[in-house]
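Here it is, the structure, as structure tokens.
Chains: A, B, C and D, in written order; residue numbering restarts at 1 for each.
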Amino acid sequence: MQPEAAVLLVGAAGSLVFAVVFGPARQPGILLLRGGVGLVAMALIAVAPDLDTALLVVLALAVLQGAIELNRGLAVRLRAPVFAISLVALALVLDRASGPAVLHRFAAVGIAAGLAAIVGLLPFMHEFDPAEAVSASPIGWMAFAGPIVAAVLVLDSRRLFTPDTDAVFAAILIGLGLLNALWGSVSAWVTEDGTAAWRYAFMSDWGLVLCGFGLTVADGQSAALLMLLSIVVCRLPLYLMSRPALREKTTTDRPVNLVVAAVLSGSAPFVGFAARVLLFRGATELFWPLGLVLAVSMLLWLPGSLRLGRTLGQPRGRQLVGIAIVLAVNTALGLYPLPVLSLAGT
Amino acid sequence: MSQLLGALATQTLALIVYPGLVAMLLFGGVAEIAWVRIATGGWTWPERPRRRPTPVVATVAICGMLAAVQLAAPNSPMPPEDRSVVIAAVALAFTTWTALALGGEFFAEPGLLLLAQASWLLAVLGPAVQPESLRPQVLGNMLVPGLLAAKVACGALYVLCLPALLGMWPMASSSDRRAGLRLNATRILCWFPYCGLFTTLFVSPPSDDASGWLRFFGITALVAAAMLGAGLLLQRRGAAFAHMVYSRVLPPVAAVVLLVVIVTSFVMR
Amino acid sequence: MPSSALLLPIALPLVAAGVIAALGAAGLEVGRLVSAGAAWAAVASILALWLPVRSTQELILGQMGFGSGFDLRLDAVGFAFGLMVSVPAAVVLTLQKRSWQEAALATLALGASMAAVEAGGVVLTAIAGGAAATAVVLVLDTEDPRARRPSWAMLLAGWLALAWAGTILQVRGGTAVYSAVPVSSITWQVASLLAVAALLASGLLPWRSWPSQVWSRPSLRAAGIALATLYPLGFYILVRLYDMGDGRYPLPAFDGVLSVLGLAVALVAALRAQGATTRREFFGEVVPVFGGYALMSLALGTPLGLSAALVALATTAALAAAVALLPDRASIASLAVVAAAVGIPPSLAFGSRVLGIEATFEAGDFLGLIGLGGTLVWVLMMVAGARAAGLPAGRGRPVAETSPAVALGIAVATLVAGPALALFQASFANPAAAEVMPSAGSLGGSLQSVATVSTVLPAVALFVPLLIIGSAAYLASGSSSQRAEARPPVLAPVAPRALAGWREAVAAARVPEQYRTILNLRELEAAASGGRPVLWLAALVALAFAVTR
Amino acid sequence: MIEGAAAFVAWLGASLVVLSDGRRGLSAGVAVAAVGLAGVAFEVSGPIAAASLLAGGLCAAALRWRSGPPGWKVMPPGSTGWLILCIASAIFGLWIAAAVMTGQGGGLRFAALVTVVMMGARILSARGGAAGLSAAATVALAIALAGALSPQAPGFEIYLAGAAVAVLITFVASEKTDAA
């Protein structure tokens, strides 16, 4: 098992427990069951001996998730994940066969596009229904299973690539990353629906993840891992907390909403800031103007985050405790990420 | 410790007696009496200022003293290296606005007054830009041909601004109008520092002997006389003329002086 | 003291914040007591750490995970800025009543700010400073969510820029630790980034930014904390830039540009001050004017300029606390604060400004023109102060958060502290200047006088008699007759009007009818998020095409 | 020779999945594709691998036979484009696998390529759950077969996994496909 995936798996398990204990789910048992199945699948992905096996598990997971709710029709729900898996499978065929270099470059395109399609990023966004349960919606891919799939896919496929292919792969990831970071952060700000705004916010975080993976230096990988962790242990729990208020379309402007906005925007001392510092390091090592683009795009997080913070409503009691835990975890990860990064071996 | 006490005694002497408060009162008193006579056109003895100083007068006195001790007056107990043209300029600048702060008094043309003061500051500090020195006597002693144009231009600007700063234009404040023939205590305190600063900055420093005294106070008195003349001219020609001078003539002159200062600094670099 | 004691000025406020929050959540309102205690303890600890040894102390606690170690360092610069941050914060935390939430956040901001000052490297400063900024935004919002507060984006941009600069130093120079950064890695690009970070962090901008805006809030509890904990940090970065550049900025033009910017900041603030409609508005411009002056002197690149800037900043810190405690009513306290703010002789502000202006003239190369500008700004501030003395006080604020006696005390202290200028400079500012500028050893003077290149300012000998004479004169004089009333501005605000017109024109701009369909954001969003296979395939083809190039 | 023929059968099965909308047509497509893919697997990885794929494919086909839109519905109206896709995929895949790519195992490459590409296209156009699930199941079998291209020759586990996933996919969601 890759250590990165192991760390993310632990984070996802923690998030699931958090959602069951502190979340507003009306049927925590069902959530636990679905999440548990997802966790098992994710563990299988993490321990899979090769990418093909991992892909098969992802395929099974996609079908299982697609079968949870049929508001949008099974075919529609399967469309993106199966398309993504087909892309990755095709890329693996192209990469393994001997032939001209362009085939390997196409393989890089396939893996990168497949990754974006599995997670549901631009330009392969999944169809989204705000009313769907989290476990059945594309958020499940973005925030729960996606991080592990991405870690396994990127790190495993990198081992197969030649240096030329790896450079192409990195460039595509950075391009897609910037696209998603900009589009996601701006859309999280301007879109009308609150739930959709959360989805775009996830997308913008993923933009930084892709940029981190695209930076072919250790700092980039560490940044990507921290961003993935922040998605799993920060944004996802907070999204779950905001679901009731989102349904009721209530917004509040209390200090706790602002604190949450600070966490979501990647302000210091939370984990997002540490990840950004690492991204800057990686960008500086490779090509410093990229740091400028990243810096500008990072500022776009703020308006959307302020908006998302307000969608949290007025948490009280158990929910407030839950938010305090999220904040504490994020602060600890933001100030002292070394243990996690060491565990992940980055 | 004894050095410190000695310095304290010297500075106190400078502040209170010469070239500080006493010198200011003597010089300013004569100049102010002359001004009141000229302005009113008669020879009746003007009223004395109130006995008890107001906070405005107290503040002007402090600032005036601080400015006066910076002058290159002959036999000044203030050590030459301890003087600074910046302190003199800023201290005098305070005197202009004290009445607004503490007297609740409105000025008729505060914008123009501010413009005049800004131009005056240019005239005072402009000559210091190139030499990079702030000792007044050093600036006065600068007779390098290259700096002459800047010095003459700044001197002219100084003289142009001074009537406004001494309140000798016909746009007097409300209290001035009320005061009638009463001597203006704040102006009494300002005559010497303003006129003496001109002598300090634009004339080479005097020696510490009788000729030096004569030269310094002679030139300072000449400046004061020029101000009296200028003030009289402004009073005779009226507020419109004064307004025209300070709103239409002063800004371009100040701009030219600034240009001269910049060009001089560039050429002498 | 063991080096681990360096943690105290940071840890004490942070622990106190935790205690306040825990007890507050349990229903015990002890915020004021604990936060004040922690703040004063931080002051005491920083004094106890520095004064006995007066030399640099370091604490290295290992890596944190983003290429930076948890290195703390207390040197003369850290000591000076530590006091600038902690003392005013302690004053307002002691005297102003606030809820436990506000007290916890304010104490947190203090701890973070102290961490930024004690941080041994750029990245750690960025993280701590960013945390302080977050805490300040939160405390302002907790106090009043509808009132004006600093633009969070601007603050975040500043600290992100600093983080980026730190990482550039780590990558290019191998380290971002202040004392170890190779001079060659401080290129003009990196220095520009650091300068931008500093300017944004302290809101040093030639328009109305947060250091002025926060004073227009109905309540001024959080404003005082914001100014105390955040405002000095930008200057701190600029001082550290000298440290990393071996006592100078990478380009001479850099000095000029920053100095001019400082002058512009002060000028614009002074223009606003002279047009203020209430005394509170005037007080709101005091800190920006002081900050502009400090930047102007600091950026000159001379030891005297740096030293004068540090004295000006210390005065700013004191006055910020005084303004925060001042009630909105006509009183001798408000008059004293006005006098201290405009820098009447022989106050500390007077001395520091004179030195700052003198430093510009002595720096050479036309910088004297900046000093000339600085003098003009000072005059403008005199006019503003003179007007403000008779303006209506303001909208009024809760009595519980004011302390006129202490405000008066602080203002009078800065007024009578002029004679101690040389002492203050020699013991507080010069060591800090010497820490970052090797040439600062040439700073002459003694405990009684300040020597510049061309003159000597005999602070004790000149200002003590002046102070005594002045006191006697004021005691002998009657009271001033001031009636609060609206006063027209001396200079009409031309620029804001033009700016407003420009803003209106921009706001009125519309996309031409024929282009609206292709620039419709909602339709774009719908097209991208619709999950349309055609788009997916098109994207795939585009990517495949791109990699064949 | 067997590998080539099996690859052709796999393409045929994939084409059936692409061109059918009814459960019988889809079931037949999955079965034929499984037979073809198993044939290729037999050549490159041996009988256990082939048996695994065959068993999984047939199970999935059997499950599909029981659920989904009734009838065969092979090439319903509007299928011209899909027919062209099938033929073009074959030609293009053949060119890539045989001419562009080099080395042994052309049949394997062809089978894996065309199956994955055609199933990917199918999933994009599927309006019913049955078609989507059939495509997914076939993709699972193709992924397992593609593992044989790996330089580290995989064991039979990957084939077993592929087969299991194909069955699981069809089984888990079988009752949902009618509604879809």
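As a convention for this text, a contact is a pair of C-beta atoms (placed from the backbone, for glycine too) under 8 Å apart; a residue touches a chain by one contact, two chains touch by 3 or more.
Keep in mind the model is a prediction, meaning the values are calculated, not measured.
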Mutual neighbours - chains that touch chain B and chain D alike: C
Central subunit by CA centre of mass proxy: C
A-D against C-D, pair bridged by the larger set of C-beta contacts: A-D
Chain A and chain D, separation of their C-alpha mean positions in angstrom: 31
Approximate Å spacing (C-alpha centroids) for the pair chain C, chain D: 68
Inter-centroid spacing, chain B versus chain A (mean Cα positions, whole Å): 72
Geometric centre distance via CA averages, chain C-chain B, whole Å: 36
Multi-partner residues of chain A (at least 2 other chains): 79, 83, 87
For chain D, residues that touch 2 or more chains besides their own: 124
Touching two or more other chains - residues of chain C: 533, 536
Those chain pairs that satisfy the touch definition: A-C, A-D, B-C, C-D
Residues of chain A that touch chain C when the two form their complex: 76, 79-80, 83, 87, 102, 105-106, 108-109, 112-113, 117, 122-128, 168, 172, 183, 187, 190-192, 196, 219, 222, 253-255, 258-259, 262, 265, 267-269, 273-274, 276-278, 280-281, 284-285, 288, 291, 295, 298-299, 302-303, 306, 334-341
Touch list for chain D against partner chain C, complex: 124-125
Sites on chain C touched by chain A in the complex: 63-68, 101, 105, 112, 123, 126-131, 133-134, 137-138, 141-142, 145, 152-153, 156-157, 159-161, 163-164, 166-168, 170-172, 521-522, 525, 528-531, 533, 535-536, 538-540, 543-544, 546-548
In the complex, chain D residues that touch chain A: 97, 100-103, 109, 112-113, 116-117, 119-120, 123-124, 126-129, 131-133, 135-136, 139-140, 142-144, 146-147, 149-152, 154, 157-158, 161-162, 165, 168-169, 172-173, 176-177, 179-180
Contact footprint of chain C on chain B as seen in their complex: 4, 7-8, 10-12, 15-16, 52-59, 61-63, 65-66, 69, 79, 81-84, 86-87, 89-91, 93-94, 96-98, 100-104, 106, 110-111, 114, 117-118, 121-122, 125-126, 128-130, 132-135, 138, 261-262, 265-266, 269
